[in-house]
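In the two assemblies presented below, subunit A is common to both, partnered first by subunit B and then by subunit C.
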Partner chain A sequence: MNSVYTSWSSIFIAHVKRDILTNSRSLIDLISIVGFMILIIILFPLGLGPIQEKLNIVSNAVIWVGLILAIMPSLEKLLQKDFENGWLDQIATSPIPLEVVMLSKGISYWLIILIPLIITSPIFAILLDMDLKNIPWLVISISSGSLAISLIGLSGSALILGARRGNILLPILIIPLMTPILIFGVGVNEAIKINASPYGNLFLLLALTLVYLVISPFISALLVRIAIGR
Partner chain B sequence: MLYLKDLTIQRGNKIVFSNFNAVIRSGYTTLIKGKNGSGKSTLLRAIAGFTPLERGTIKQDKKDIFENNEEWVKNLIFLDTKNGLSKDLTVAENLNAWLTMKGWSSNKEIIKMALKSVGMEKYAELYISQCSEGLKKRAALSRLYISFINKVDFWILDEPTNELDTTSLVLFKKLVFNFLEQKGTIIIASHDQTIIEKNFYTLDLDELKKQRVS
Partner chain C sequence: MFDWLANPNRFKKITNKLEPSLLVISLLFIIFGLYFSLFDSPKDYQQGDAVRIMYVHVPSAWLASFLYLSLAISSIFYLVWKHPLADLISSSIAPIGALFSILTLITGSLWGKPMWGTWWVWDARLTSMLILFFFYLGFILLHNAFERKVDGSKSASVLAIIGIINLPIIKFSVDWWHTLHQPSSILKFDGPSIDNQMLLPLTLMIIGFGLFSLYLIIVNVKTKLIEKKCEALILKLNLKELS
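Moving on to the complex of A and B:
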């Protein structure tokens, strides 16, 4: 049995490597996401007017909402490209279960698209005049929450495979699923603001991430099977 | 041997096959012919285990391919008109990604040999986005060479020769010949009846359907 697991993990890593390589060749996607995020962060204070207190109230939520909106265009392409060029058919002949492959897709998407956003999030926080003591908690909550968001996005992306107008459908379908992540993610920092313990919200956020980590690969694999079976 | 028994396959609202029976013999090339829309590709995708069956079974000897799917696809190379090549990667990188995805060892030597078998060694570092359709098809066909290094029993090929020029066609026939030598089984859907010269038999979907109706 041991050799089975070693080959599983090596194939898993092979999938992640390929995804990172393909995405590193089209860096414009990544640049556009970070750019879009920066624009949201810049536009918001301009819209709010010159009162600092107002900014302090919304800064936390703006980063989270900005993050969810900024990654939407990239989510639809997450599986679409591989579906169109036939790679998903090839993946279906991989010796590891499709569920494991889907997990690798979710993880590699998180590594490629969301890690850069997580790294840049302290800068956004400073731009929005967030308290310095909040910033480490923001990074922790976004790190966990964004993994859940990518996994939900993966399932959504699998759902619209082969659908016409999928790009319009996708946000409507998956943003409602992301609301719990948003609520508990924002909750972590709101608790810090009122000097309460952030752990309640943080643990619920981690629990949700773990739930999606378990169910999303199964849902996505099922949907991909339907898409390639048509 | 591959037994297709009482297959009923539906695509959307259209029933493509109903109660279809056939046997695919091991160690031979099965050439599936039929007019456009007769269900050649659908049949191939069903045999590969992609398209679910409404009714019926596909058995390899005694094992159902849907129940033992992982075991079935492991020794199978599937290639259709969508080549499964990422346009952001080079020819060699695509082959490497495919090899590691299949769980087979990959190194420069293997990739070089595989590309050489389809006359692509000069194009190894070319991006797929810069390749012509013929080059793309050859890059995809280079996977077939891996059958001579790892254990592969089946090739399922959908229109493999459409974009090939005469030189590549000769190389393709050589790959087919070598695979049959090592007792491999090939299923090809094609309009072109001349691509295979020996050890083959045809499965005419139009004929089979007509017989059932009459």
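Moving on to the complex of A and C:
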């Protein structure tokens, strides 16, 4: 037993590696999420009319909202496959702490899905005519807030394991929880726009991310145990 | 004490006695409260008659938050002690709380149009109340989303407990962000800053609404207990036919 149960960090790294490997085999998911994000971004100029000033005002919020909407379809499948093929049962009954596995799930989801969106976000910002001085702050705020978003999404996807119509239910359950992230995330760039200090909003955003980093693995593990008990 | 109350039969016995008197008393409170608030209370010197909307708005807002707190507490009881009655109570509270929160938003926007000049502003108090409504909605939807009812009860209880974080935000939103919604004038450290003539109908309405929702919850729980009994009876009959 001791040879398997080494240390939490090695368990964590092994599970992150596993998730990245299984997801890199098929890039369809990733391509469709980035494509969905691009389409959400395109809809706004079409709906608002191609007036640069209007786009400049909403660009920051549109990218954040687009990010939250774009990951919804993938969140629902975050734990679904592992739940259906029994992998989660195996993990829960093994001596490996489920909380560490859940943390690795959240982090690997962030690495696989959200890092590509963060990398492409400057392109979206330019498409929406954002000021160049705002773009670095957009990347900073999105990269710190998106970890919290993926951790909330992890808990949400654990909440709907085994539910009927979980895909429709999930956004209703987790979008209310994501509103603080959106408010402080958008606040960072709004502060830059009026030449104020962005650090207040940024630190609150980081604080929220740290809070979710601590509580989300425990809540998710609890919910997975409940789901397995079914 | 909770074990003693948690027995469904004892619960039924107590509530059978309590139920009719609760209905009568709560209706009396609401009738007197409505009389005082609509006819026998002064107009506001700025708001005129529109201030009377407050006598419905404030009690339903209080109850929406208070019912969420009780929903979360009974969810904790369900998750920790796994008592089925706690789940019945929380699932009976949820629709009533959702109705009160939507009533708060509707009366608030009816008042807001003449006073603020707009039906809706994205003020911190209003937004957090709307989010409270979505927590109620999420609870109800998640509770009914599973094949077996027990699964839904457990997941929904966890969601209800997570949602407690919204309650202090609602309470303190008017102090933290100075936006359009006015700060509290009743629950303050230095006593209420509202005139006694207005405080009387407001208190009557709050007590009346509270007792009436307690009555509704009791009726709901009793209906659900009967439903459960019916299900058990049907199961028994099916088993007999099989054997």
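Note that in this section the second predicted complex is superposed on the first by the 222 of 230 C-alpha atoms of A that agree within 3 Å, B and C clash if a C-alpha of one lies under 4 Å from a C-alpha of the other, contacts with A are read in each partner's own complex, and residues count from 1 in each chain.
Note that contacts are C-beta pairs under 8 Å (C-beta built on N, C-alpha and C of every residue); 3 or more make two chains touch, one makes a residue touch a chain.
What you see is a predicted model; the values in this text were computed from it and never measured.
After overlaying the two complexes on the shared chain, residue contacts for A:90 are found with subunit B alone; subunit C is out of touch. Once the two complexes are laid over each other on the shared chain, residue contacts for A:222 go to subunit C alone; subunit B is not touched.
In the superposition on chain A, contact of A:165 is made with subunit C only, not with subunit B. By the touch criterion defined above, A:179 reaches subunit C but does not reach subunit B. In the superposition on chain A, A:40 makes contact with neither subunit B nor subunit C.
Once the two complexes are overlaid on the shared chain, A:100 sits clear of subunit B and of subunit C alike.
Of the two partners subunit B and subunit C, more residues of subunit A are touched by B. According to the touch criterion, the shared surface of subunit A, contacted by subunit B in one complex and subunit C in the other, consists of residues 230. The residues of subunit A lying in touch with subunit C in their complex are 155, 159-160, 162-166, 169, 172-173, 175-177, 179, 219, 222-223, 226-227, 230.
If you check the complex, the residues on subunit B that touch subunit A are 11-12, 45, 48-52, 70, 73-74, 76-78, 80, 82-89, 93, 97-98, 100-103. Residue ranges on subunit C touching subunit A, taken from their complex, read 127, 131, 134-135, 137-138, 141-142, 145-148, 151-152, 154-155, 158-159, 162, 166. Within the complex formed with subunit B, the residues of subunit A that make contact are 7, 10-11, 14-15, 17-18, 21-23, 25-26, 81-82, 84-87, 89-97, 228-230.
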